[in-house]
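Shown below is the structure under consideration.
Chain lettering (A, B, C and D) follows the sequence in which the chains are written, and residue indices restart at 1 in each chain.
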Amino acid sequence: MAGYGFMGAAHSHAWRTAPHFFRLPRAPQMTAIAGRDTDAVRKAAEELGWDSAETGWRRLIERPDIDLVDICTPGDTHAEIAIAALQAGKHVLCEKPLANSVAEAESMAVAAEQAAARGVFAMCGYSYRRTPALALAKRLVEQGRLGVIRQVRAQYLQDWLSDENGPMTWRLDKSKAGSGALGDIGAHIIDAAQWIVGQEITGVSALMETFVAERPISGELVGLGGHGDVSHDTPRGAVTVDDAVIFSARFARGPIGVFEATRFALGRKNAMRLEVNGSAGSLAFDYEDMNYLKVYDQGDEAQTRGFHRIMVTEPEHPYASHWWPTGHGLGYEHGFTHQVVDLVEAIADGRQPTPSFADALQVQRVLSAVEASAGDDSRWTALA
Amino acid sequence: MAGYGFMGAAHSHAWRTAPHFFRLPRAPQMTAIAGRDTDAVRKAAEELGWDSAETGWRRLIERPDIDLVDICTPGDTHAEIAIAALQAGKHVLCEKPLANSVAEAESMAVAAEQAAARGVFAMCGYSYRRTPALALAKRLVEQGRLGVIRQVRAQYLQDWLSDENGPMTWRLDKSKAGSGALGDIGAHIIDAAQWIVGQEITGVSALMETFVAERPISGELVGLGGHGDVSHDTPRGAVTVDDAVIFSARFARGPIGVFEATRFALGRKNAMRLEVNGSAGSLAFDYEDMNYLKVYDQGDEAQTRGFHRIMVTEPEHPYASHWWPTGHGLGYEHGFTHQVVDLVEAIADGRQPTPSFADALQVQRVLSAVEASAGDDSRWTALA
Amino acid sequence: MAGYGFMGAAHSHAWRTAPHFFRLPRAPQMTAIAGRDTDAVRKAAEELGWDSAETGWRRLIERPDIDLVDICTPGDTHAEIAIAALQAGKHVLCEKPLANSVAEAESMAVAAEQAAARGVFAMCGYSYRRTPALALAKRLVEQGRLGVIRQVRAQYLQDWLSDENGPMTWRLDKSKAGSGALGDIGAHIIDAAQWIVGQEITGVSALMETFVAERPISGELVGLGGHGDVSHDTPRGAVTVDDAVIFSARFARGPIGVFEATRFALGRKNAMRLEVNGSAGSLAFDYEDMNYLKVYDQGDEAQTRGFHRIMVTEPEHPYASHWWPTGHGLGYEHGFTHQVVDLVEAIADGRQPTPSFADALQVQRVLSAVEASAGDDSRWTALA
Amino acid sequence: MAGYGFMGAAHSHAWRTAPHFFRLPRAPQMTAIAGRDTDAVRKAAEELGWDSAETGWRRLIERPDIDLVDICTPGDTHAEIAIAALQAGKHVLCEKPLANSVAEAESMAVAAEQAAARGVFAMCGYSYRRTPALALAKRLVEQGRLGVIRQVRAQYLQDWLSDENGPMTWRLDKSKAGSGALGDIGAHIIDAAQWIVGQEITGVSALMETFVAERPISGELVGLGGHGDVSHDTPRGAVTVDDAVIFSARFARGPIGVFEATRFALGRKNAMRLEVNGSAGSLAFDYEDMNYLKVYDQGDEAQTRGFHRIMVTEPEHPYASHWWPTGHGLGYEHGFTHQVVDLVEAIADGRQPTPSFADALQVQRVLSAVEASAGDDSRWTALA
């Protein structure tokens, strides 16, 4: 594994945990973790449960005892690592968003396609697909239970930037992060919506906004304390990414959608919400109640028609039978564990795991069209 | 009162009921109801509790014993009736939307301004302002409890057109209805959002969609039964209005907003939803739970911070002390009763009631800009 | 109508409103209202919309132009008024609980039975039966949708006595009120549970508690202000009724139930909650969300099984088609309006309206058994 | 660890996971797992991640490289294993309920007290105490935020026995399981209520019920298939435990409580619900929404008073800062991980971990009083 931040912890937990709850066709070995700082990566290896530590991701690619590289580094490094790993014959799991530009994403998709021809596979880490309630949503749409899909409304609401004196970070610097709410959380709802509806977005009209243009440069850099101490003299850095983005979209075979991603929705902590309306039914999901899917079935008898609040922990539900008795909820990390399970099974079967790099490239194209439209008076922008 | 459809019933109930629960400065007399069909209007007078029936609205304006005209007719007649009534020195309550075009609305606003100078007042019936929970929302924003407002998300979701074999009606004919979801329900969330935020919308980017282009012409007209009998031979009429509309907006002093109105959100019956995020708090409302307002207060102690689910039936809440003990919910018609109370009190005080025709004209301008943007590739459209 | 407190207002609204929304077989005339204080009853007549005022309820019985007496006075007067009215050939609607003792209730039931033989009918005002969601619950149980009923859990939670400095009132004096939470709100859940399950309670085991034994005698009586001014010197009166009651019960054909009524559940304003579990399904209701019924149907497909959240405002639902379009909620007073409708229809048809005095007597017997058990170490107490 | 059923899996996951998210003072080694069947225990060791397998729990006590014994076997074996382990100087974590009788529990508490004097500690696995939302509830009561506690209502509702043709199992045989819903799930709400309120239950009045008296003996034993095949000829075994139990209770310093545990509440999967009302506030919890605590604070401003829906994933909340960013929910197994953390920290500090065997013995006494009351006409039964 390359990288050991928040995502590194989630991925490590998944690799450690998957074999104890699922019968995997191959037994994962947590061989090595790599990072730039020798001491830090050693410490991470110990804490996260890896057998060895390497300085620099290239060592992972050189080692013959490594079959798969799990990329949890920032987005600007994804392309280089992933392409090198694939070319070296190693399977790749790469965190989302796939890259910071469409061009990078395209080269990654090409590399992935070439590797797949040799039986070497790449997958992008849109882990929310593995939330049981969303996997059930996907299944119900595939079964035709919603009829013809007409509308999608998707929101990803967080609030961690609401405080205007919150510190400047690399995530707010476009040169490093690519974009703000759009790529970080907007990418998730784009991927989830396209995947569940089973159709690609073909065009968008967008509005992007930065509410707080400058933020105090954090104490660690300039010798100040917490943002309680922020004063008019505190040096401030320019926020160069979007705080919030709104866009409308059309899908390939008719549905329209409305999307919003923001880090300023005070009180919403991780409200990834998705509603889909079809001609025969509807579904609604909110990640803040991640164990539930709400489903409306027009086929129900009229007097008892209403959204079913389904606790997605039954043996009939995706992934659920491997865990606890019915009604005992799952948490955030289970999506990562399921992701590892699906990846290992696909590799063992010689099948392409999903989302492929090509799927993730499509998300990247939507992100790019959103930025283009927002920069052009919200004009309708078809996907390239 | 002119008109006796669904709105006529709601308004009549309000005039009948208000004096029994509120101490009004003037006692309303339900003098006369007018309509085109002599027999039908007589029947309506009896059912709805009016003292007399008149054929044609002009009779209301001629009668000296009438001080106020309540207009519940379709939108294409509003301008003529309202202007005539105001010029005849009668106060006016006019259902929303104010008119079917900006031009008509402008002439109505001019007439209202002239009448007001003579102590004759006009008000537009955006009755949702009188829902206690929304009135509380307005008050909290005015008190500064949300800090600087940053974002608004507003939805009005219904589902009564989901069935593609539902019949053609005048509401789906642009020449009569002006627009579809936009003017019917979109107008409500535009008015509510501007009123609660206390800022006008200055520009929009919009997408409009008609999912079902043709509908069977109803049995009453062509001798067929219910839409269970619809066949390929059933004559169909063209739907010329929007089934759904999505738009983004900017408000005068900084906030951005996202709006959606649809009649195709299967399972949502009357989901007028409004969320407002500020720098110090947030609020959320859903008309399907109309007695509740949810409020998040960043000033709460960290360990117990969370949306307060406020049942808006306490003596401290708008309108509530006039009704039942705490916790005994109110319903849809109470908004109309409160509207009558506020109107009568303003007239008695010689104050302009709100929303004024000028306020309602502003909503009309937003509707018009939405249509213009949707017809121009979603391009950003500033309000005239 | 006799009495003009909170219940008088609700009943008057119902009599005024019913004919405008329902096609009644007979047109109610609001002939006269009676009370002890001549001035107060005149004022009430005007505010509530009655044609005349009478001093003393006996005048209602003497007047030949009165066909029905609606009794909204305190419980200790019910028996005398109701029996006199029935014997005088007047139909009776009597507020709940039927009486303050089983003996009084028995004599009322006898009078009602005798009157019914002459086509004169009596009904007790357990108005919650007319809440559409609860009427739907009753219908579903009757249709067998829940299978064999096994369990009932019923709560009626209010909080208006939580403040220990809240004033002493007649409601807390056993000699006037009969009992506390038990008769006031406990009676409602007993009636609703027996009615919906369709079985009588046959025995109980109970615990009653008074949390605040003494309360300040209110300022109006002793010249003090609001309870902000309560001091150690404030005279206090003894609370002689229950603040809260808990009991378990058995129903005639097998189900068990658990009941709780309290005025000390801080934050619960009018939480009349009912859950019923059967072998084929369950239902759940909370009056604080009175427009909804939640239904679980074991017959649903396994993957989408979950409580349906039914908004009980569809044409297929009890009473709903007479009001607003789907999704537009009803409020507390609608139950009273429906009660009047059902009563007038039953009288016009020559049918016994329900709940009859015999039904209400059965509730009284349960109340009595609860008190007996609570006074005897919670020992199981069969109904007499 | 002794035992490797469902609880064994949960405990193993906790031991594996705790060191990766918490900085433990001692590093747990998963030395050995024991069971009766040599092959099965070997397989379990591999699946669950234990270094070695032993046939029979006595081997764990003999091994000098084992410091702590984690008991996940059925209740009738707890006393023997725990006492032997403690006497051998090994710390003990024992699953709940502590034992199948008060007598056994008493001997365990004595052994634990003697061991504690030597620095060897015992803890009982009431893991729900480690759910962050319930730990927050406990903290709020301790801080006095609810004022004087007056009422507790606790329910534990499941539905896995609703189908009357569900098979007979050892859990329905009193000789093996001790009791039914009472000991299995009722014990959890008794422990949680006493712990959060900070007071012991002093007396109870109870009703117990068995709805299905006989069940088919499962196919595995008698050569039949699933219960789809159940016929009148299928051999049936007697259910000798309670399907549901209801009881009222008094706590030491004044509060009253109402408790219900059932396996027949169709649609409720794991609804462990707890509500506490005090003089200054209330709290409500439902395990089916385990990441939330609802808190009502009478000290809030009147116009915005309402239950706070707190998502218990903030850094200020118990345990939460060790996991994911705010708003990313936790699941069932986290309680077990936290239990291990608290246990290891207490041992390292030489402190008694809680709940102690003495705490668990108190729960046992309540269970015993409930059974006694239910067997004696629900008569009030003080705790021994």
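The rule is simple: a contact is a pair of C-beta atoms (placed from the backbone, for glycine too) under 8 Å apart; a residue touches a chain by one contact, two chains touch by 3 or more.
From a predicted model like this one, the values you see are computed outputs, not experimental measurements.
Using mean Cα coordinates as chain centres, the one most removed from chain B is D.
Taking B-C and A-B together, the pair of chains sharing more C-beta contacts is A-B. Our note on geometry: chain A versus chain C, Cα centroid distance of 54 Å, whole angstroms.
Per-chain CA centroids place chain B at a distance of 36 Å from chain C. The distance from the centre of chain A to the centre of chain B, with each centre set as the mean of the Cα atoms, comes to 40 Å. With touch defined as above, residues shared between interfaces to two or more other chains in chain A number as follows: 268, 305-307, 311. Under the stated contact rule, the graph of chain-to-chain touches is complete, every pair of chains being in contact.
Listing the residues of chain C that touch chain A in their complex gives 136, 139-140, 145, 292, 294-295, 297, 300, 302-311, 314, 316-317.
On the side of chain A, the complex with chain B involves touching residues 150-151, 153, 155, 159, 162-164, 205-207, 209, 211, 244, 246-248, 250, 254, 256, 258, 260, 262, 264-268, 275, 277-282, 296, 298, 305-307, 373, 377-380.
Of all residues in chain B, those touching chain C in their complex are 6, 9-10, 12-13, 16-17, 20-21, 47-49, 158, 160, 268-271, 287-291, 311, 313, 323-334.
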